[in-house]
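Next, two complexes with chain A in common: one pairs it with chain B, the other with chain C.
Right after this comes the complex of A and B.
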């Protein structure tokens, strides 16, 4: 009897301590990595999309409904990146805490200046996001904005941890600041250099480091490359001396390699999500990897 | 220049703030100032970024776009918020309702004569040689208020006679966050029975609906006005319990109080289900006149790349075969869905999915006397039993059918393989049959009104049938598709048929997120 009671009490205590940590569900691994930095050990982070996964096309698995049902907060990109799969999950989740407008519904892009907000909407231009290009986290300056916003949002949900969240965000921001100088310097010699990408998901990165990314293997966002388009890309790359092609883990590397062979270009494996390339498991490690591998590839030419 | 000015101004501000922060003694004030400082820093960063992006954009715009096919040029101008005085734009962002429009059409033909309702059982299936408007569907959805979500699907179509019609497919409201993990949906709703019934034609993997769905749940699927309560169980895996309560009459409740043959036109020589006329005009007088559809579904992520969904469904309600509501129909179903998608899939490809559903229907047939008027089946008084009336082979008298319960089985299995971006190959196998009932064994005749008659044999609505369907779909984008499908059909007593259908579809406006 006594042991039973003790066990029950223990379980109850465990349950309450577990509950003391904020249970946060994040749609994508890039936002999740910043949430981890800011939340530290005061939060439990669950990421829905995998780092190698195409964030536009994640399956709305029923297991995600369960995760969202039990979440204290949901962090989403805020620019319709998850439009194809998140709304269906939210309806099933029946969780008042993460309804839009609640403190538990956190938009990652709050305070971020969105690029490529279309002035006219037409799908003749491909799958364009009406609220701007959603791939903003990859710019370290935006990452700092995200960190500050997450610290505020977490503090609202857990006022006791407010100090810790702000201190964590500051630590992360300071680390980024130190690194940003190094990264900028590293890519400075290649200002204006042309980098070809498969999908138009790198404008924030290009803007930050002064690279030019206006040649894409996709004829229009979301439209698979056609041989005619690839031929025009090859001609343009030769003409404009573009010698680096970047490829995300979920994109067709073979297509990039074919183009690279005809243009004597280098294919660089990149990812926007920490964990998307081997060994780059944190935000800073990923940015380090991206800057270094791009610098190396650009230097070679 | 500009940038230096801003940075300078902000730095001065920051210094002033720091100075005052030092002099301030109260902790509250220090906190407040720290916050302000942070906000200022953010503001500075955002300004800096604005400058940067403006610079980048100007270089982007300056660079010649030789082939003109690059994505829309970047613009740093944030979209202005929508105002009620602005025109309503169909699409996401800035509207009170997301509006979507799906047009689905088919072209093709079949070796059969009875395509509509005979070969093609679904109400949105291609139903004639040549072209078919399978449906033009308008979907409206959005938040009603902080407590409810609303959804409406209006279907516009043209039938095989060239007549345009509009149909209220679904329109419901749904609670957003009821306590206790409950959720209520109410309105005109598709019953949650298995997987295919609740899916709109736009999400089907095939041109037409499975045979078992057409036969048991009806041409338009099982749907009626009503409500559904669902509960997300507190299990570590996904598990959900649902209970639907709906009206049980009308053509959208085919196995219940309907004649089960909604899409066949007037005057066609088609016998009613079980050779009994329907008695379905009594409305809802008692709770037993309603349709109940319980369902339990669960799902597991087998691995990171594989997901399994299992479900068990039931549908219980009175049927049209008895006048007093004492004849009921019970339908039981099991379904399984499995999907594999590698974690580096692009735009959702490649993938393999397998879906199967099996159903059993127990239908109580009430006693029925074909000599309803007591005149020996000669309603026009010409001395002959009228055409179409079933008689007993022994005496050329109107048949008396005893009550009995008939059992039918059916199922389908389909495999979809998305082998490269935008391309999906599919294969489906359909099977339906029923146990031979007493009324089928009785040797009944269908008379022509002039003393002649033909043996009826088995009820065509319960006869064995199977179908094999390969198809190939190309999705140029998520918003359009072209699908080519072949059906090999084998119907007992009717023989084999071949059909080829080409389907084409477009989508305008908001694209509702797909359920798993």
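Right after this comes the complex of A and C.
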């Protein structure tokens, strides 16, 4: 209780002293980490999904509506990643500033080339990626596009800070560029290596580093693994010599371990959200972790 | 600096978010509490859980067939399944001569409906989410039209129950004599369960299976613990439902936890308190 009051008081004080601070709500921690880099101390970032939570299925909590109600801007993925939980909350929040089409409604994927955009789609066929694969932030090149777009979007909302936002974005982009060379070099020896993933959330990552990720424990995105599908996965993994399975924190690790036992594979814990694995709390730290742990697992095999 | 400012803000905040859930929790459980008294008297406690699950199974079939979760088809599938369930329960009324007690059949229907729902939703892209939604509902994001429709339906059902209260009450509270009275027990029983099915189907859309069960049974159980006459039980039940709703919604906001589950736990707490208070009250008399 006390901390809550302190926080509220703090928020009040900030609201009165630093009137220009933008109050920005972000659906997922990956976009939030970039928004923090770009916004710096000129924005207040609130993230809805937890880093270990499935971004497709986030439990709605009362505080979400309050946060959305008071937001100056909302950043969402833009490819229906949050379609299962965000629309109802937005109706409840009744905030004109973040209705679609407003400058306060920011789509993270503006300018990003989406992969796996389906040509036809029926719901019966099962897919939770109707507008193309929404897990694009994990590719550092896309992160740069996101940063540039956020700088523009923030500048539109707060013209006084425009220069600062662009400078911050440039700083972040430069840091990524430096790192990207290192990451690419580190994974270069494993060009074409097969990595099995639970959910199809890694095509951007695979494309960036030249890995092959076309075997999934889920038969279709969002459909839980069935016994027959797992049997075919095991057969394919043996045939194609795939020896690494990656699992996000919110997916069933036991399924992956069962498959790993019959294929002599290694299970690697990964996450797309900063904070989803221990010690990787920023975008760059997370990418570092992913590249290093994958390189280590692929090296072993 | 005084603490009053954040406090006032908090109340305004709470109402900005929790107003419609609160309205839903104040308006809708009225009929559920009344039905709960019948259900407890009939000793078919798990009928509502089973019917709610059957209603949910209808929704699952609809989703499996490719309709969206907010499609109006949903309601009719759900209702169709529930009416079939009601028919089933009408003809399996408990009797002393039955080889298999009705409670066993009710349990089996619940379990099979739940399992079949899991099977169907395992093929649906938002299955995991829908499955959880069928349990605890979407109370937090309930909309005014949704509340309005459901309340109107409940009002109609309330009127039907009021007009035919003699028949319904005799059936539940004095079944043996009702059977000998010469009028069609099966007809009235079916009407009872069919209306019940309508209530359950509508409420499942808002509150999910767990909440339907809790609103039906907990206030009625508390009232049955405390008082004797049907009318007073109804009033006590309404008070329990209202108080527990307010506590649950407030806790959901203050602790920032899922709303439906918080209300269910608050109702559980109410029963616990009543269980402790009732013997003390009796001793005082």
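Rule of thumb we're sticking to: the second predicted complex is superposed on the first by the 281 of 301 C-alpha atoms of A that agree within 3 Å, B and C clash if a C-alpha of one lies under 4 Å from a C-alpha of the other, contacts with A are read in each partner's own complex, and residues count from 1 in each chain.
Note that contacts are C-beta pairs under 8 Å (C-beta built on N, C-alpha and C of every residue); 3 or more make two chains touch, one makes a residue touch a chain.
Remember, it's a predicted structure, so these values are computed and weren't measured experimentally.
**Student:** Following the overlay on chain A, give me a clash-or-fit verdict for chain B and chain C.
**Tutor:** Partners clash after overlay.
**Student:** Looking at A:84, would you say it contacts chain B, chain C, both, or neither? Reply first, second, both or neither.
**Tutor:** both
**Student:** In the superposed arrangement, does A:144 touch chain B (first), chain C (second), both or neither?
**Tutor:** Once the two structures are laid over each other on A, A:144 reaches chain B alone.
**Student:** Which partner, chain B or chain C, touches the larger number of chain A residues?
**Tutor:** On the superposition, B touches more of the residues of chain A.
**Student:** For A:285 in the superposed arrangement: first (chain B), second (chain C), both or neither?
**Tutor:** Once the two structures are laid over each other on A, A:285 reaches no partner at all.
**Student:** So, does A:223 touch the first partner chain B, the second partner chain C, both, or neither?
**Tutor:** It touches chain B and chain C both.
**Student:** Answer with first, second, both or neither: which of chain B and chain C does A:232 touch in the superposed model?
**Tutor:** It touches chain B, and chain C stays clear.
**Student:** On the A-aligned overlay, A:175 touches which partner chain: chain B = first, chain C = second, or both, or neither?
**Tutor:** The answer is neither, since A:175 touches no partner chain.
**Student:** Please indicate which partner A:117 is in contact with in the superposed arrangement: first for chain B, second for chain C, both, or neither.
**Tutor:** A:117 contacts chain B only, not chain C.
**Student:** Between chain B (first) and chain C (second), which, if any, makes contact with A:107: first, second, both or neither?
**Tutor:** In the superposition, A:107 touches no partner, neither chain B nor chain C.
**Student:** Of the residues on chain A, which ones does chain B touch that chain C also touches?
**Tutor:** On chain A, the overlap between the chain B and chain C contacts is residues 56-57, 59-63, 65-66, 69, 84-85, 88, 91-92, 123, 126-128, 220-224.
**Student:** Enumerate the contact residues on chain C facing chain A in the complex.
**Tutor:** My answer: residues 1, 3, 5-6, 9-10, 13, 16-18, 20, 65-66, 68, 122-129, 132, 138, 140-141, 143, 252-253, 256-259.
**Student:** Which of the residues in chain A end up touching chain B in this complex?
**Tutor:** Residue list for chain A touching chain B: 50, 52-54, 56-57, 59-63, 65-66, 69, 80, 83-88, 91-92, 94-96, 99-101, 111-119, 121, 123, 125-128, 130-133, 139, 141-142, 144-145, 148, 166, 192, 200, 203, 206-208, 210, 212, 214-216, 219-224, 229, 232, 236, 239, 249-252.
**Student:** Considering only the defined contacts, which chain B positions touch chain A in the complex?
**Tutor:** 34, 38, 42, 45-46, 48-50, 52-53, 56-57, 59-60, 63, 65-67, 69-72, 74-79, 89, 91-93, 143, 146, 149, 174-178, 181-183, 232, 235-238, 240, 297, 299-301, 304, 307, 309, 339, 341, 343-348, 421-422, 476-479, 511-516
**Student:** So in the complex, which bits of chain A are touching chain C?
**Tutor:** Chain A reaches chain C through residues 5, 8-9, 12, 56-57, 59-63, 65-66, 69, 84-85, 88-89, 91-92, 122-124, 126-128, 220-224, 226.
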